[in-house]
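Chain naming follows the written order as A, B, C and D, and within any one chain the residues start at number 1.
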Amino acid sequence: MTDTARTIRVTVWNENVHEQREEAVRARYPEGIHGAVAAGIEENLKGQVDVRTATLEQPEHGLTEEVLASTDVLTWWGHAAHDKVADEVVERVQRHVLGGMGLVVLHSGHFSKIFRTLMGTTCSLRWRSEHDRELVWTLKPHHPVAEGVPSPIVIPEQEMYGEVFDIPDPDELVFVSSFSGGEVFRSGCSFHRGNGRIFYFSPGDQAYPVYHHPDVRKVIANAVRWVAPAESARDLPRLQNCPTGWYENADGSEARA
Amino acid sequence: MTDTARTIRVTVWNENVHEQREEAVRARYPEGIHGAVAAGIEENLKGQVDVRTATLEQPEHGLTEEVLASTDVLTWWGHAAHDKVADEVVERVQRHVLGGMGLVVLHSGHFSKIFRTLMGTTCSLRWRSEHDRELVWTLKPHHPVAEGVPSPIVIPEQEMYGEVFDIPDPDELVFVSSFSGGEVFRSGCSFHRGNGRIFYFSPGDQAYPVYHHPDVRKVIANAVRWVAPAESARDLPRLQNCPTGWYENADGSEARA
Amino acid sequence: MTDTARTIRVTVWNENVHEQREEAVRARYPEGIHGAVAAGIEENLKGQVDVRTATLEQPEHGLTEEVLASTDVLTWWGHAAHDKVADEVVERVQRHVLGGMGLVVLHSGHFSKIFRTLMGTTCSLRWRSEHDRELVWTLKPHHPVAEGVPSPIVIPEQEMYGEVFDIPDPDELVFVSSFSGGEVFRSGCSFHRGNGRIFYFSPGDQAYPVYHHPDVRKVIANAVRWVAPAESARDLPRLQNCPTGWYENADGSEARA
Amino acid sequence: MTDTARTIRVTVWNENVHEQREEAVRARYPEGIHGAVAAGIEENLKGQVDVRTATLEQPEHGLTEEVLASTDVLTWWGHAAHDKVADEVVERVQRHVLGGMGLVVLHSGHFSKIFRTLMGTTCSLRWRSEHDRELVWTLKPHHPVAEGVPSPIVIPEQEMYGEVFDIPDPDELVFVSSFSGGEVFRSGCSFHRGNGRIFYFSPGDQAYPVYHHPDVRKVIANAVRWVAPAESARDLPRLQNCPTGWYENADGSEARA
């Protein structure tokens, strides 16, 4: 918590496929979904973040070892091209998350290779894109990710995501949404994996202007700040198998690793 | 709980490599580690289980779709040949666990592909094989997996496993062990993934006769019984993405999946 | 799980105040709310349960040491007279729950002394009694408490309960409800305290015929079965401070408790 | 995390009984246990904290409404006089914790009225005071409370605390200790209750100079920083029952609380 003075280095990742294929999406997100997400983070964390973007079509999807090594928080949006993401890059991102890099997974990113790899489950859910009204309710008003947003957040039109959401029990359940159709969904969940923090937030879709919604942008910015590793955790060695125990051999002789 | 009358169909899997390579291990486990584990389950759950074994060298490692479809609980032991297990078989086992098949992971199985896949973390830990005494303490005396064993279970000689054990927080922490060297380890952990229950139990090693220890055998049998799916869960459809929401469209018209 | 053959001894507790004061409630629940709850448990667990009832106006509220000592599962309904329940009885019930007796807390029981004492929080929530439709969604289809009921359970008219529900994070979140007004609520939660299991289930109210709803009755019966202690846990000594450690003194001499 | 610039207002509470009765304790803690705890917090959080102390013998035990209303974090040490703490003061402290005040409970404070009230369980454990060596192992190296201390922390002489520790499952298990006798204990646990954070840390006793141990002092200071409410949470209304739901009546008309 002493490290809030420092700048959080954020990489906003987007597959950037719908924007190129569909005029309507391009009109909705002229800078791409990554552009809208990045703008929301910057406007809410002025002077606290250094934000860059990366997309699928770039070499190594823009997620080289160098980029990840200098990233404190990665945000992930994908939908139409999950299978186009190289397994090698997925393993690299997983290694960095387990080593302490924060990860914010957005909406349809629930089905991304990286989220499914970190969860170990199908991450399947129910869905229906028919302009439902979504209400995002805060279960933990004291949680930093819920700071400064009303309960509920009212999203006039949005894709419905419904339970059963096949994930491990989250470490913290911060938001639960209801939809016009009556469905419910765990829309804001935190997970710890290795040294890394992960936050999943479901609102947002290529077919609705949700990433322009000020409360949604505020939550994403809060999540970026919350998953950012502490200064002290940023340079932690990656966890690895340790050839000997710490303390002493059974005979009492020292055997520090 | 109405299904305890039925027989639990158990498949005990073992890589069966040390037993073939090392005379000492063969002498310790003449029927193989799978033979000792199977015998312990049968002696503790007489008339309640139907136990078969499967090993790495068999076609598809003995874990065909047919075998898994008729398995209620799979136990897993591996160490020297984790990388020899085919990814296709790992995916198949994962799918069955998420669909409701119980899984009991033993000792060095912490580094198996299937456990790492289900956990999403490195599953690394500290270790030292120098004949430490292990004490296995019960944290949840009411838990079915701890039924009928003393606290602590005293294992005169065992490999040390120590924290940090890089796993997601377990749903339940049933056992914690201490070792002669002073180390501690979360030696009995439960996890739910999809419709499946998973129990990890660390005591047991090819270099020590731990699978002949009556309390260790009792815990493994308890775990088999506890991860076994309820009758009602055994035929659950595998979780999958649902094309529409359940209840109604935003306009109120019915749209059941 | 070997103890399902035995009979589960259930005590259904009800303050039984609204039924005496209000004609409409008496008409809705001619046998009292306790009568309706008891009937639902008996019809769903024929031959597996021995059900008796107890009410506020009885000596010691019908919850003497003898009654509790011969109770496997206690269900609790209260609303208008929480403060009339004697602290001595609350302490007695708490002691039995921590010793292994199961507890099922229903609806407005969220504000009972016993639930607040076991939770340590205010257990406050939002509410509105205006004939909302409640949909009870299952998050854990494999959970024994969700066995045999549709998702969602549709309750045509019910009091709205909404978040923030001020409870500790439940060990398992089995059901989440939505209401016509758009609110959401964690309507089915499990907790472990000491050796005892607790299940909170929110549907049900004196002003609506919810305890006649077959799915609600099924869930309550499932919960009774699920919180019932295993045979092996029924006679566990109450947890207590232990005057010495288990294993050995620092000098190595034995010092078993 | 934006609030680390502000000063954290800490009140260190101590029953201060052993120090007055026993020469040896007075010699060990000439400023009282509260003096040693306060000094450890101040030396580790220079310029970040404003620390005062309060003790049992003061009016209202030094914990008036005014004192608590201007306290961000309360630390609690008690042992010989738990029953001397007025229930009215316990209720007051509970209300402030649920409203957002942080609480750090130390060692024998496990049996304090306030901790037992917040946990809802007996909080019993095993103990033996025979100069055991305690090793405090970190399970979560990335956790802010574990920042800057070795794993294990080596405490040459300490009272043994052993499982079963009768508490609800902690939200996070940060430290587990082993003792010379072979016992294990969950020595560092976090809990969220209402808007408040609670951290229990077991090392420390009147009969050993543990509160002079630099690593123990560091952990206590880390815990104070970690349970301190965010600026945004400090003025949160105390949670309370809400007379109406938030959103709309079943007929769609507005009915904001």
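Observations, loosely collected:
Everything that follows uses one rule, which is that a residue touches a chain if its C-beta (ideal position, glycine included) is under 8 Å from a C-beta of that chain, and two chains touch if they have at least 3 such contacts.
These are the chains along with the protein names UniProt gives them: A, B, C, D = Trehalose utilization protein.
Treat the numbers as computed from the prediction; the structure is a model and nothing was measured.
Averaging C-alpha coordinates per chain and comparing to subunit B (Trehalose utilization protein), the farthest chain turns out to be D.
Comparing the residue numbers each copy contributes, subunit B (Trehalose utilization protein) and subunit C (Trehalose utilization protein) share more than half of them at their mutual interface. Subunit B (Trehalose utilization protein) and subunit D (Trehalose utilization protein) have centres, each the mean of its CA atoms, that are 37 Å apart. Subunit A (Trehalose utilization protein) and subunit B (Trehalose utilization protein) have centres, each the mean of its CA atoms, that are 31 Å apart. Within subunit C (Trehalose utilization protein), contacts with two or more other chains are made by residues 133, 135, 140-141, 151-152, 162, 164, 169, 171, 179, 182-183, 192, 194, 246-247.
Residues 133, 135, 137-141, 151-152, 162-165, 169, 172-173, 176-179, 182-184, 186 of subunit D (Trehalose utilization protein) are the ones touching subunit B (Trehalose utilization protein) in the complex. Put simply, subunit B (Trehalose utilization protein) touches subunit A (Trehalose utilization protein) in their complex at residues 94, 98, 111, 117-122, 124-128, 130-133, 160, 162, 164, 166, 168-169, 171, 179-183, 191-194, 239-251, 255, 257.
The touching residues of subunit C (Trehalose utilization protein), when paired with subunit B (Trehalose utilization protein) in their complex, are 1-2, 4, 100, 135, 140-142, 144, 147-148, 151-152, 171, 192, 194-196, 225-226, 229-230, 232-233, 236, 246-247.
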